Amino acid sequence: MQFIPMQRKDNRLLAQLRPLSLQFGFQHHPLGSVLMGFGHTRVLCSVSVEHSVPRWMKEQNQPGGWITAEYQMLPGATAQRTEREVMRGKLSGRSAEIQRLIGRSLRAVVDLNQLPGLTLHVDCDVIDADGGTRCAAITGASLALECAVRKLLQQGVLTESPLKDRVAAVSVGLLSGQVLLDLCYEEDSAADVDMNVVMTAGGRFVELQGSGEEASFSEAELGYLLNTARCGIQEIFAFAEEALRDAE
Amino acid sequence: MQFIPMQRKDNRLLAQLRPLSLQFGFQHHPLGSVLMGFGHTRVLCSVSVEHSVPRWMKEQNQPGGWITAEYQMLPGATAQRTEREVMRGKLSGRSAEIQRLIGRSLRAVVDLNQLPGLTLHVDCDVIDADGGTRCAAITGASLALECAVRKLLQQGVLTESPLKDRVAAVSVGLLSGQVLLDLCYEEDSAADVDMNVVMTAGGRFVELQGSGEEASFSEAELGYLLNTARCGIQEIFAFAEEALRDAE
Amino acid sequence: MQFIPMQRKDNRLLAQLRPLSLQFGFQHHPLGSVLMGFGHTRVLCSVSVEHSVPRWMKEQNQPGGWITAEYQMLPGATAQRTEREVMRGKLSGRSAEIQRLIGRSLRAVVDLNQLPGLTLHVDCDVIDADGGTRCAAITGASLALECAVRKLLQQGVLTESPLKDRVAAVSVGLLSGQVLLDLCYEEDSAADVDMNVVMTAGGRFVELQGSGEEASFSEAELGYLLNTARCGIQEIFAFAEEALRDAE
Amino acid sequence: MQFIPMQRKDNRLLAQLRPLSLQFGFQHHPLGSVLMGFGHTRVLCSVSVEHSVPRWMKEQNQPGGWITAEYQMLPGATAQRTEREVMRGKLSGRSAEIQRLIGRSLRAVVDLNQLPGLTLHVDCDVIDADGGTRCAAITGASLALECAVRKLLQQGVLTESPLKDRVAAVSVGLLSGQVLLDLCYEEDSAADVDMNVVMTAGGRFVELQGSGEEASFSEAELGYLLNTARCGIQEIFAFAEEALRDAE
Amino acid sequence: MQFIPMQRKDNRLLAQLRPLSLQFGFQHHPLGSVLMGFGHTRVLCSVSVEHSVPRWMKEQNQPGGWITAEYQMLPGATAQRTEREVMRGKLSGRSAEIQRLIGRSLRAVVDLNQLPGLTLHVDCDVIDADGGTRCAAITGASLALECAVRKLLQQGVLTESPLKDRVAAVSVGLLSGQVLLDLCYEEDSAADVDMNVVMTAGGRFVELQGSGEEASFSEAELGYLLNTARCGIQEIFAFAEEALRDAE
Amino acid sequence: MQFIPMQRKDNRLLAQLRPLSLQFGFQHHPLGSVLMGFGHTRVLCSVSVEHSVPRWMKEQNQPGGWITAEYQMLPGATAQRTEREVMRGKLSGRSAEIQRLIGRSLRAVVDLNQLPGLTLHVDCDVIDADGGTRCAAITGASLALECAVRKLLQQGVLTESPLKDRVAAVSVGLLSGQVLLDLCYEEDSAADVDMNVVMTAGGRFVELQGSGEEASFSEAELGYLLNTARCGIQEIFAFAEEALRDAE
């Protein structure tokens, strides 16, 4: 792999994140609601509580609670309007896959036994899409979850926080032999390899999804990708920490 | 009908609107995008263009273009989380009814012949719901449409504006014998009669939908309801005009 | 608005109803079953009882009973065969809207507390469609409901009638500046403004739905429309009363 | 098999049909429309024309035309209201099976080459169900088809009749060792063996569907069943012929 | 009907079966699992048990148990790939009809009272289709059921066998005036009359489904068809008996 | 991470594959059809050709061809019968995700430009499920694809092979601090981290999907997981090569 300097569309360095933005309390009713921005990509992440658990948990007499996520693209989020999935009567494969990923990522840092009889619903609605929507969704959802838990503790619904850690996610990719961090839509479409990395604030991997669409990658390239992702995620955690501190 | 002064939850007068808010350009990609607020109710209204007309127009060789609307409640918009309609595989009757209303309201003030070969998609996504979401949606959609047309004229896609007028909507209701303007959710749930009025800036009716859920209303009450709605709508137009001027 | 005498297709006066027809007991099993005709438009309205209430009522521990309506066009009811909605797997927006309207109209004149633990299902199936199907459906459904309640009283299932009044409906419209009563399909398609009015026998409004499809209407025009509708509905009630008397 | 005289609920003989009834032109728009009655069972059978053929015929460049049927139970047709299939979003297996049977039965007596570029849609809507609805549907549909063809000949859309014969159908069953003709609902539910026989006026079999639900039948019993059906169908043809003559 | 010797594609005699094949225990988990072959047609038939009965049985307080079947074509089973039904969101009419036939055929030889509180699910998945898939499915399902019952007796879940007899099925058809046994796909497509016969080992009929697609058949032809089917089914039973004996 | 020797249920070593099995030509009609076994897990993988490309390719005038995959669990594949997805009217999120993974994995080693105007449909139907079904599906699909391409070359449909490499997949997991290769269902359910690795015969990564369900993993653990997977995949390729040689 060769490192010829490559010019990114927005003049970013190869391993530079897009500007991050974060607005707390965007929706009125949810326990936690965050409008998370990775550059032009903006995802509304909200957490609502239901005082009940899914049927399969009841049937299996499973103790504790549950966290589940849903993901959706608003029609106007994309350059060419995206048809609503309800109009075709079912979730697309892509949305199904992403919302399963968000759910797993959050459950990895939550002690479900500390949510007795509760289901936390995490809704991620993409307002503007410019690449990396699933990563912004996971990152925003983790923060909205933190706000929601804080509120449940204040309300006395929970007496102890079920959160064991925080998660964030970023995309990395291989394009013309270069490793890029936090790809925008145009880069993402052109990339040979696309990888989404979800990590805890403690530096452990939660999810790793690398795909070579009509391409493949070597072990060395995997190493570069992971290192780049790790650095990006650390920056995101630093940003989030500060934002949360300001928000209190 | 008796006029005993009644205390509204937020100390409003009977015929007083909630504070209006308006943010232009909320979404990045659509031609026009407005975040419209009627008090706590906030609806994101965006207009996208498609260079094609619906199949039924092609089949009937109908000239001109089309405007169609879709309406959806985000899950976190309500005090108790609303299930996504895609999860049950179909639009609810309520959503279907509302989006047909929005579409008709807009088409009433547009010369479809001035949109040759184009479809304008209007998406109304309710961010926060506190009563009156369909009225906020119609009002916001009319403004987003105006922004979209302005952009299409600038881009040279249109050479003449198809807009004949502007529309806005407001709800009125009968509660304990009193006529209320712009009902919040709590008032709306308790109202004996609920009416949505859509009017043009020129003072003509476009849509009138009055329902007595387990109740009915007299001709005199209808008169009071319509007068109250008319005043409210005039205020909304005044607010919109100013906001549009500022936005230019 | 100008009153140039206009020739209607079937030589009716502007404010003249089409011939009304009414056949009781059309279906064998339902408690009440009426074949209601407004000219060529004929709707089969039947009422069946279920000894149970909808799940949402049980969950909310709501007392009393419920009335719900369904509306459907038989494929052969229209000049060009209408595709069955089951073939596309879902109710059309139009049908959803109409059946909600029928349900609300009936509930407005029923004391649901007098239907403890019962659900009345009202089925409106359009046999022949020539405009005004929703109005014929509401009018026929109200009469079928009356027959059904009579039978439930005879059977001792009910001891007191839950019916507070009777409802009927009629369409009015604006076409070339003229107010027309009870529009046939051809008139309805050409009308600038289309309004459906549901009233009680006691002269109160239950539902009012006026739409200007690509048009609007003034306050004065609204007045003419409402007066015309009121007269038409009074005639319908007179006809129904006589028919019911004959049927006993 | 033993022939102990058995009393049928309505005092019919074992091999006696229920009273037949036939009303032509029941629906206004279809080319042919028949309300067919087998005792309390009544099915509305209507035939509409579409000037086009199904996509699979076009794709296979198949000449001629097509006949297709749809079958549906109105909710109020049964003692306990039947839920509409559109509400569950899909046709039941039973309806799918019956409408395929009706379509095949009609196509057996039609020369599809004599319907160039046309699709005939046959709609069978059960108004009242008391056993034998599929047989009444086939019989009524064959007559409605005859009316429709007559009209298409008059209109000059067809120059030659595509009808090679007429079909009719009847049910027979085995109940407590007795062969019964034209079973009502109660008999049908209790029968050990249920058989539907579709024959041409020329005395040939078109469809034969015999089922032992939790039972079976011998070759001798099959013989009795077929003979009984044959006689019943001859009576039905005699009735239909007379009715058609009267209708002209 | 004339008996000119006809050459079958695979040199079979008119009344000759294709080679039968049978593999027990094809799937690992089901109680009984049989890969049944009628020539190139191969159907995987498996029986699983559920310790519960369908909701309608519970609601009607019906004693005993239930047997239900599902039928599906694997996409690669046909010369031209068959689209999966899940992709269109619903079962085809054809599949619905066949799985109802399989279920009825099996229930005809089972004493459901001897299956207290159990549901046996029979899954028939067509691996290779070359005509006669429903007959192979019924035959294989009956054998898989026998294996499943044997296992339930061994496990002590059942103490007495609910099986009253065994069923098998074969297709017969009329092609150019000849009666053919066990039609392959090519013959089936060309046949004027197609009949599926399900019989018990005891020689009684369980199901009889004869269809003339755009054709009909006389009583004499019916006789020939049934005799041919009877002989074929006897051979199938002989084969099955031997295979079961070997399998023990 | 500690390496205390752990006993696997089937006495395998931690880094030992289950016995592999491979049967070519399992289905009759498809171009390539492989029954792939990883221990008790068996997946039927078949490849069919369609002489056309998906609509989106036509609309975008994209040259070349396409490969798409579908994945499904047969109901009897699991210890407790799995409900068919068609019965709920839609693909599960899990199936949608897996079939997208299979499709991407295959496209990574195919030059789609060498498939002009063709779509290859890959069907993966799980006969028996005991963990690792998606890995067995990818591995089997790659081999079925190879057979299919060989046949298309023989038939002259293709003149040059579009295959750039071969892919195979294996699962690895972390369970009680140990790295396990090729997890069976029981191990998979208990694992803290589950990773699926898809590689080319040339040793490059195609897909990497690691998930910590309610857990996470360190960089060192990731290294162990990848090394173990790499070794397992090399063994699979060796087995496949031999099997293909035997099959010729």
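A, B, C, D, E and F are the chain letters, set down in written order, and residue numbers restart from 1 in every chain.
Quick note on the criterion: a residue touches a chain if its C-beta (ideal position, glycine included) is under 8 Å from a C-beta of that chain, and two chains touch if they have at least 3 such contacts.
Please read these numbers as outputs of a predicted model, since none were measured by experiment.
Listed here as common contacts of chain B and chain E: no chain.
Any chain touching chain A that also touches chain D would appear here, but none does. Steps from chain D to chain F, minimised over paths through touching chains, total 2. Note: centroid distance chain A to chain B, computed from Cα atoms, is 33 Å.
For this pair, chain A with chain E, the centres built from the Cα atoms lie 51 Å apart.
Chain A and chain F have CA centres that are 27 Å apart. In chain A, 89-91 are the positions where the chain touches two or more neighbouring chains simultaneously.
If the chains shown are joined wherever they touch, the resulting network closes on itself as one ring, and no chain has more or fewer than two partners.
Here chain F touches chain A in the complex through residues 89-94, 96-97, 99-100, 104, 107-110, 112, 165, 195, 199-200, 202-219, 222, 226, going by the rule given at the top. On the chain F side of its complex with chain E, the touching residues are 26-30, 33, 40, 42, 44, 46, 48, 50, 70, 72, 74-79, 81, 84-87, 89-91, 121, 123, 125, 127-128, 130.
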